[in-house]
Amino acid sequence: MRIQFKTSYNDDIRLFPDRWTLGVYTTLLVMAFALPLLIGEFYLGEVTNVLIWAIAGLGLMLLTGQAGQVSLGHAAFLAIGCYTNTILIEAGLSFILAFPLAGVITGMVGAIIAIPALRLHGIYLAIATIALSILADDIIVLLDPWTGGVSGKFPDMITIFGLEIERWSMPTRFYYLVLLVTILCTLFYRNLLRSPLGRAFAAVRDSEVSATAMGVHIARTKTKAFGLSCMITGWAGALMGYYAGAFNNETFSLVISITLLMMIVIGGLGSIHGAFFGAVVVAFLPQVLSILKGAVLGGGVAIPGLETGVFGMILILFILFEPMGIYGRWLKIRTWFELFPFARKDMFRRQKSYLKTERLR
Amino acid sequence: MEVLQLLVSGLANGCVYGLIALGFVLIYKATEAVNFAQGDFMMLGAFVTLGLTNAEYMHLPFWLAAPLAILIMAVLGYLLDYFVLRHLFGQSQTAVVILTIALGFVIRFVAGVIWGHEPQTLESPLAFGDVHLGSVVLGMADVAVIIVTVLMTLFLYQFFQRTKLGLAMQAASQNQMAAYYMGIPVKRVQGLIWGLSGATAAVAGILFASKGAIDPNVGLLGIKAFAAAVIGGFGSLPGALAGGLIVGVIEPFASRYFAAGYSQIAPYALLLIVLVVRPNGLFSQVRIKKV
Amino acid sequence: MSLLKIKDATLKFGGVVAVDDLSLSVEEGEIYAIVGPNGAGKSTVFNLISRFYQPFSGSISFDGQNLLDRSADQVADLGIARTFQNIELFDHATVLQNLLVGRHRHRKTSMVEELFFAPRVRREELAHREAVEEIIDFLDLQPYRDKMIAGLPYGVRKVVELGRALASGPSLLLLDEPASGLSVEETQDMRWWIDDIRKQMGITVLMVEHDMGLVSSVSDRVLALADGAKLAEGTPAQVQADPAVIEAYLGAGAV
């Protein structure tokens, strides 16, 4: 078992609490950078997909896991990020400007949308965001002159100071671009967690009454949560556009919104790890299913709804048996090994609690 | 007369939304959970009836198949609570929301495997014949839908206001622990309400299938019905019906008088407006927590 | 000059008068207790000061400023901190994080600085943590420092809530039933802490409490409340001997 001896307040603030964790994550990072040397282009593309989903997951995790606001409409913000980025580049901006700006604009739109949503709680927020996701589809069609409507858009090749990046012909370069954005977003998330705003998010999530009494302005904090979450989601959307190579009004549907929320629940709500674990499930499930299907039924048999059905089943099993998601399970396994052979079965037993009405706020 | 025709067909559609919305509200009133799979329940109810009635499946007489389907759905609802939802005791509302969405995915998948994805028509005696009221011609199915919906709402309303079980259900939702201490078998009461909402979904499904063809994706109607329930105000049965009717009536009028594409948007746009003006629905039940 | 002054405050919920034309003033450096039967409006007075409720009429001023001009989240900025009767902690955060939220009113950094964790954010964080560690030492919370609130026993949560209020560095501390649900030993600890809070930190304390033993041992002045109106005010001994108070507690004819 590792025991930390803290000798300065910085020990609580630094990114990695001890040398062991620092070592683990450095190794992980080195491996991530060396990955193109280790695996083929097809799997590199799959890993890129995982990372893009993870960025989107981080965005939603910040809002739902950290600030406690459920959104079933984040596909709308993926769409805003994606379209804004493409439109800005078409307007003549270079990628290095357009891409960050696309995220910032998405964040601002998110913050504006948050203002009426601030008064909504629980299921009302859920349904309002569902409506948002459905409306986004129709609004994209109605804004045909800018968005290309049903026929959609094809993003141009990315050029950064003359360096060309394209998902199909240069998967390695695209992978590195996505990896850099992933690292940046993860850092943002970590930084928030160790500063006043991140704690204010958690305060709003757990008790609005006492957060107010401690001087936290609820509306302003929620607006910031929406804004930051949508900014990260917007970046993920822009990258998704490049990854898909073409997009239209149906690319960012309600199903994507729902998948995103399910993804972070499966991964483990409220943790950075959760976004990554969930992304792995979302990105690799279709591959695994098609391999299994090929083995059982032979190739060429299409079963509509199989992926969503199995995904739904996985989610139900997680909520029933491991509400903390994959990350929760991971923590338990790790603790078991750290304490070996002293781990007890009831160490992580959940507290029984009773539901109190949520009609009182 | 065109207006009247639009109005009536809108009302009939609205009644189906209203019936699904009733299912939402039933569960919300009694367990404070929101069942996003209610639309898929409706779809399943329709397919169970179809499977019992249609010639290529069991070929039972409709009037035997319909009650049987309602019973089957009631049992399914109870079992769902028994095996799944009961184990969420104490978890957040969000967990229930996301779980029922996932459940909808699973139901849709299973229905697709059993009955296929081609649209099918229920061989229902309600599907044929018209009713003439002056110059307005109504489909038999539309009339049946409206009548059954009104009866259903009255029955459920009386049930919650008058019967001991109905009151117990309301108490159980306000504070599980207190209700438990007052001698209400909270778990069994919640199982019964899930059964009741399953039966309601089956009724909605039978009526919906009498109006047109069905496929596993019609369950997505549930989202629109959910919007209806919110517009009417969650927690109020007549409110749910009213919300359903509003949404049902808006749609044909929007598609008749606005440009194409707007009729899809109209219910959700209305929903957002209602939520902005009255964040807890038109008939709010939220009160400020005492500290 | 009085630190907190409530003048002729009235609050009604529908037809029920929760606070009836109540006036009170808390002097700087004193421990002032409000007692009264359940439903007397004690917590309502706190909620008026916290600006959760808007009084029907009357005025509330703190440190010479009109409190009614402020919104609920600005009350903390003035230096008023409070605890809650039914414990309102941030359950899915650690004790340390809960106390750090108490420092929220002292934050100086902007959102963008925090995203990049600029050097200034680190400096500020170190200062916040130093302040919080002092509170942790003061309240003997070291064993629970990195524990989640959700797994802590009731008595400890009560102390954490006190700690969170202290972490904000208030000049007025509102304690809503600090000893309710505590064991005899825990109540004893609470008594010493309240005493030390005034003596060592110079914080004025206004508290609502049922435990008359605690009230009479720490408070300078006591206000007895019944049906939202003032019944008696004075030293603990005076109030306990007041016939009106005895009647309210024990019923007519007990005198």
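Worth a mention:
By letter and in written order, the chains are A, B and C; residue numbering begins at 1 in each of them.
Basically, contacts are C-beta pairs under 8 Å (C-beta built on N, C-alpha and C of every residue); 3 or more make two chains touch, one makes a residue touch a chain.
If you want to know which protein each chain is, UniProt gives these names: A, B = Branched-chain amino acid ABC transporter permease; C = ABC transporter ATP-binding protein.
Computed from a predicted model, the values in this text were never measured in an experiment.
Centrality by C-alpha centroid: the chain sitting nearest the overall protein C-alpha mean is A. For chain B, the chain whose average C-alpha position is most distant is C. Separating the CA-averaged centres of chain A and chain B is a span of 32 Å. Distance between chain A and chain C, defined via averaged C-alpha coordinates, is recorded as 40 Å.
Our note on geometry: chain B versus chain C, Cα centroid distance of 48 Å, whole angstroms. Counting only residues that touch two or more partner chains, chain C has 52, 84, 88.
Multi-chain contact residues of chain B (touching two or more other chains) are listed as 290-291. Under the contact definition stated at the top, the residues of chain A that touch 2 or more other chains are 209.
Contact residues on chain A toward chain C in their complex (touch as defined above): 9-10, 12-13, 188, 191-192, 194-200, 202-203, 205-207, 209-218, 224, 228, 270, 351.
Chain C makes touch with chain A in their complex at residues 50, 52, 72-77, 81-82, 84, 88-93, 96-97, 100-105, 107, 109, 111, 114-117, 121-122, 124-126, 128-130, 133, 150-151, 164, 168.
In the complex of the two chains, the chain A residues touching chain B come out as 64, 70, 116, 119-124, 126-128, 130-132, 134-135, 138, 141-142, 209, 254, 258, 261-262, 265, 303-306, 308-313, 315-316, 319-320, 323, 352-361.
Across the complex, chain B meets chain A through its residues 32, 34, 84, 87-91, 93-95, 97-99, 101-106, 108-110, 112-113, 117, 173-177, 180, 216, 223, 226-227, 230, 234-235, 261, 264-265, 268-269, 271-272, 275-276, 279-281, 285-291.
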